[in-house]
Amino acid sequence: MASTDRAEKDRVEVLSGIFNGFTTGAPVCMLVRNEDVDDSDYERMRYLLRPGHADYTSQVKFGDFNDWRGGGRFSGRITAAFVMAGAVAAKLLSFIDIEVVAHTVEIGGIKALPVDVTEIDEKAGKDPLQCADSEASGRMAELIAETRKDGDSLGGVIECIALNVPPGLGEPIFDNLDGDIARALLAIPAVKGVEFGAGFAVARMKGSENNDPFTVQQGKVITTTNNSGGVLGGISNGMPLVVRVAVKPTPSISREQSTVNIQKMENARLAIGGRHDACIVPRAVVAVEAMVAVTLCDFARRAGLIPGVLQ
Amino acid sequence: MASTDRAEKDRVEVLSGIFNGFTTGAPVCMLVRNEDVDDSDYERMRYLLRPGHADYTSQVKFGDFNDWRGGGRFSGRITAAFVMAGAVAAKLLSFIDIEVVAHTVEIGGIKALPVDVTEIDEKAGKDPLQCADSEASGRMAELIAETRKDGDSLGGVIECIALNVPPGLGEPIFDNLDGDIARALLAIPAVKGVEFGAGFAVARMKGSENNDPFTVQQGKVITTTNNSGGVLGGISNGMPLVVRVAVKPTPSISREQSTVNIQKMENARLAIGGRHDACIVPRAVVAVEAMVAVTLCDFARRAGLIPGVLQ
Amino acid sequence: MASTDRAEKDRVEVLSGIFNGFTTGAPVCMLVRNEDVDDSDYERMRYLLRPGHADYTSQVKFGDFNDWRGGGRFSGRITAAFVMAGAVAAKLLSFIDIEVVAHTVEIGGIKALPVDVTEIDEKAGKDPLQCADSEASGRMAELIAETRKDGDSLGGVIECIALNVPPGLGEPIFDNLDGDIARALLAIPAVKGVEFGAGFAVARMKGSENNDPFTVQQGKVITTTNNSGGVLGGISNGMPLVVRVAVKPTPSISREQSTVNIQKMENARLAIGGRHDACIVPRAVVAVEAMVAVTLCDFARRAGLIPGVLQ
Amino acid sequence: MASTDRAEKDRVEVLSGIFNGFTTGAPVCMLVRNEDVDDSDYERMRYLLRPGHADYTSQVKFGDFNDWRGGGRFSGRITAAFVMAGAVAAKLLSFIDIEVVAHTVEIGGIKALPVDVTEIDEKAGKDPLQCADSEASGRMAELIAETRKDGDSLGGVIECIALNVPPGLGEPIFDNLDGDIARALLAIPAVKGVEFGAGFAVARMKGSENNDPFTVQQGKVITTTNNSGGVLGGISNGMPLVVRVAVKPTPSISREQSTVNIQKMENARLAIGGRHDACIVPRAVVAVEAMVAVTLCDFARRAGLIPGVLQ
C-alpha cells in the first residue's frame, strides 16, 4: 500500500482462539508489537502539548501516570487492532455474503466522482489514495505533495458501503444499527463526523425528495433511491448501507504552532519534526471498513445469522 | 411551545425512585401514556409502507407480531422518554455546573447567524422554532408555512452545546465521549448525521487551520479556537462541547407517494392524511439536549464527579 | 396459594410490548403497584435498624435520601417483578420444551424425601409449602406453627430443576451458565447460598464417586449420574439442571432483638409487630423458578434457539 | 508453593498498561504462555470424553472446531489469568486497606478448626495445603497421599475473607455484591457451590439465631455476630465479607472409568495417565482470593473509592 511514507513492519501473532486453521469459539487474541517507538523523540516534546492531539486530555485524565510516549491508544497505530478485528469480522460476514468496502471520496476539498458500487473495491483497491476516481486521485496527490512542502496537512471524507446486508439488523432505541456504527467509527482517531445516506444534505431536502419510494422488484421490497443509506428506524432495510466519515487533517504538522508547556504552565512554540503523513485519509480507509464490518458482524451474530458452529 | 400543531397532552407519572422530593437511589421510572392513539387511522394504512418511516424494517424484523399502529418506538413520541431522562440528567449535571443547550441552526437551507453561546438559551428559548437568530427564524417560519401548503416537509440542523464540561470525561476506544454521544443522538428518529466541532468542514481545512492552539488563561489550559468541539482523543478537553445533528424532513407528507402494499406485494400510491408537522426540527431540539445531557451525566457519574449521595 | 398469611392483591398491568395477545418485539413492561404500604408502621421504626434486614446498608448507601419505608427493593415484594419476568421466560422456554420447576426440600432442618423429577411439579404444586413430600410437609407445617408462636422464624432449602435444557448453553469464563444463574438467584432477598448438582457435598466425595460416567442412550450421550447438576465447564450438558438455594429465616420476628437507633447512635431494643411469615421458603419457590427461567431464556436466545420471530 | 506436583514454570509478560512502574490508565494486558502442552498426550484421548471434564460440553458447543487439547479455557490453567488480574486488584484495594485472604477449610471431609481472622494469612500462607490449622492439614495431607495411591481424588471447601470492606458496596437487584462474587467464583473450574456467612447452615437456624444484632462500637455500627457474611440486601455492611466455595474432587483420576468414544458413539473405558493433583483445593485458594479481589475492586471503583488518578 502506497498510502503512507512511514514504513512500519507489523507482524501479527495469533495468541489464542485459532486451531488447525479455524476459530475454536475461544476469544481470538492477536498481537502486533509496536516496534517503532523512539522514546527520545517524544521525550523532547513531553511537556509541549501537540495541538489537535490527545496530549492534553490524556495528561488531565491520567495525570503523572500518563504514558506520554505518543504511540499507543491515541495514535493512529491503534487502528492496527481495529483492522485485525475487521479481518475476522469480514471472514464471518462472507458466510452470509455481506461485503464491506470503503474508499476515499474527498481530500482537501477535491471530490471524487461517484462510481458504481460494484466497481469501488477494484478501482479504489489499486489507487494509491484508495480513491475510485483516478483522475481526482491524481489531483489529490498533487495537493498532498504541495501541502507537505508547506509543512501542512489535509483532511477528507471516507465513504463505506456494505452490500447484501439483510433487512432487520438493529435493535431500536438502545442498539440502533446506525448508532452503533457511528460509535465504532468515532473510535478511529481523527474522525469528527459521521453521516448515513444523504446525511447532512437532508437539511436542504424536502420530504418528497428525501423519502425513498418503495417498489417491488423480483418479489422483494426495495427502494428506488437510497437517501436513508440502508437504515430506517435504526434497522437495516436491505438496501446498501452507506456511511461517510469526516477525517480531520493530520494534527502533526511541521509548521510552528502555538501551544503550552504544561510543566511550566506557560505559552510556547512547537514544530513537530519527523516524517508525518500530510494526509491520513487513505490510511484510515481500511480502519473504516474494519469498524463497519465488526459492528455488522455483531448484529448478524445477534440475529442468529452467523451460527456458533459454522458448517 | 409553539413548535407543533399537534396537541398532545402528556402527563408524567413517577412510578419509583423519588421520595420526599428527592431521588432515593432506586431506578427512577416515569410513565407517560400515549393517549392519542387512533388505531383506525393507522389500520387503513396497515399494509401501505410509508416511505421514510420504519414500517418496512419493523415489518421485516417483527413479522406478523409487528405493532403496526404507527405510534410507539419508531415515532417521534418515543422522545418523550428521552426528555424525561434528560430532565433528571440536567438536574444532576447542575450539581457540577454543566449546562446543556440546543438550538435550531438551519431549516430548509436557511442558516441562522452565529450567536454568542451565553445568549443561545434565552434567545432560542423564546423563539417558536427554537432558533436564536430571530430574523432567520422568521424566514424559516415562512418557508415552513409554504412547504406545508405544498404538502411537503423540511429538514434542518440542530446544534447542541454543553458548557463547563470538565476535562477528562471519556474512556478511550470503547467508550469515547463523542462516540457515545453520537450513538445516543442517532436514537432520535430522523437524525441522519452527527458532527463535532468543525465536523465535516474539517475535510476542507488544513492542519494549521484546524488544530486548536493551546494557551494559558487564568492558570488554565484552554484552546483559542474550538474546532475540536471540546473532544480530543475521545476525551473532553474542557472547552465547550459542540455537536450538530442533521434532521431529515418529516417523512409524513400529504403529497402522494409511490410505495408498496406489503400484503399484496404490489406497487401502490399513498397520501398520508392527518395533521403532520411540516418540520420536526424545532420539536427535536429538546430531545437533542436530553440525549447529550444523559450521556454527559453517565460519564460524570463514572468519573465520580456526581457522587452516589449528594449533599 | 396458602403459603402466606399476608393477603396482598396484586394486579398486573401490561404497559408495553404486547399487542393482539402476542409480544411485539418491544420491551414488555409490566406494572404491579405496591398498594399495601402503611407508612406509619414503618415510620415508628424508622431509625431502629431491623437485624437481618437491609435497613443499615441502605441507610449507609443512600444516606438522608434512603427510602426507609420497608417495602420496595429490599423487601420480598421485589420478587413480584421477578415472577412477572419469569412468566414471560417460561412461555418462551416452552417453545423449546424447557420446563423449570422448583420445590421446597428443607425447612427448619426437616428434609423432604427425594421424589421423581417428573412428579415434582404436580406434588409440590398442590402442597401448601410447595413441598413434594407431603409427609415431610406436614411436619414442616407443625414446626412453622410452633415457631410462629415462639415469635421466631425458620429457613430452608429450595431446589430448582430445569428439564430438557439442550447441551451447549453457557459461555465459558465470563458468562458461565452456573455463574449467571447463581447471580440471579442471589438477587432474591434471603438467599445465602447456591449449589449445583452434588453441591457442597462434593467436598466429601472422591473423584470416582463424583465424576458422572458418560454412556450412550438412544443415540445420545448422557451421564448415568448427575452430580454435575447439568453443568460442566460452565456449559449445559443436556442432563437436568439442578440448583439449590439456602434461604435464611425471615428476619422479621416478633421477639425482642438488640439493635441500634441510628439517629441517636445508641443501642436499643426492637420488637417487630405486624403479621410476618414465620417461614418465607414456600413463597420464595416461585421466585427461584422465575430467576432460573429468565437466565435460561437469555442463554437460549443468545444461542439462537428462540428466534426473534416465532412461528 | 508446594501445593502441586506439576512443575509449570509460568513467566508473565506485561504487554500494555504499565509505564515506569505504574499503571497508565490503559488496559493492563498480561500474557502467560502455556508452554507445557503435549498434544500427543491429549490426541490419544481425543474422542474419549473424560468424566467430570468439559470435553463433552465443549464438543457439543464448538463441534468440529473444538480445541480438544485439554489445556486452555476449561483447564485449571485458566486460573493463571484470574490470579494475574487478582494481583492488580489486590494492589488497588490496598489503597483503601481492603485485604483479601483465602484458605483451605475442608478436604475430603476433614475440617480445619476456626482460626482468628487476623492469623489466617500467616498460618495458611506457610502451610503446604493453604490451611491455617496445621494439625488438620497434616491429616489432610495423609488422606491425599492415600487417595493418590488409590488412583482417586478429593474435594474440599475454601473460605475467603475480605477485611475492611467499607459498608455500601453493591447495587441492589442487578449488581448485588454477593451475586457478582458468586458469579466470579463459579468461573473457577471445579467450583460447585458458593455460600455467604452462615450459608447453607441458615436452613437449620432460627431467625433469632441467624439475625446479627446491631450494636454501636467506637461510634460505628457493627454486628455482634456475622451470619450475614458481611452482605445485607446485596450491599456490604462493613463487617468482614465471608464466602465459601465447594471444590469438587479433581476429575482427572487414574482409575478406570466408564465413558463414551464420541467418534464411534459407543461406550468405552478410560484411564487417565500422567501426573494429576489428587486434590486441587490448595491450588484453587489463590484463584478464589483473586476472584473476590477483582470483584471488590470493581465495586470500589464504581463507588469512586479508587479514583482514576491515585496520589
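Lettered A, B, C and D in written order, each chain numbered from 1.
The definition used in the following text is that contacts are C-beta pairs under 8 Å (C-beta built on N, C-alpha and C of every residue); 3 or more make two chains touch, one makes a residue touch a chain.
Computed from a predicted model, the values in this text were never measured in an experiment.
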If you average the CA coordinates per chain, which chain's centre is most distant from that of subunit B?
D
Count the residue numbers both subunit A and subunit B use at their shared interface, divide by all numbers used there, and answer same if that is over half, different if under half.
same
What is the distance, in whole Å, between the centres of subunit A and subunit D, each centre taken as the mean of its C-alpha atoms?
42
Averaging C-alpha coordinates per chain, one finds the centres of subunit B and subunit D separated by a number of Å equal to 48
Taking each chain's centre as the mean position of its Cα atoms, how many Å separate subunit A from subunit B?
25
Please list all residues of subunit C that touch 2 or more other chains.
26, 58, 61, 73, 168, 172, 308
Give the list of subunit B residues in touch with subunit A in this complex.
49, 51-54, 56-58, 60-61, 73-74, 78, 106-109, 147, 152-157, 167-168, 170, 172-174, 176, 178-180, 182-187, 189, 192-216, 219, 221, 223-224, 227-229, 232-238, 246-253, 255, 257-260, 262, 265-267
Taking the touch rule as given, give the residues of subunit C at its contact with subunit B in the complex, in rising order.
15, 19, 22-26, 31, 58, 61-67, 69, 72-73, 308-310
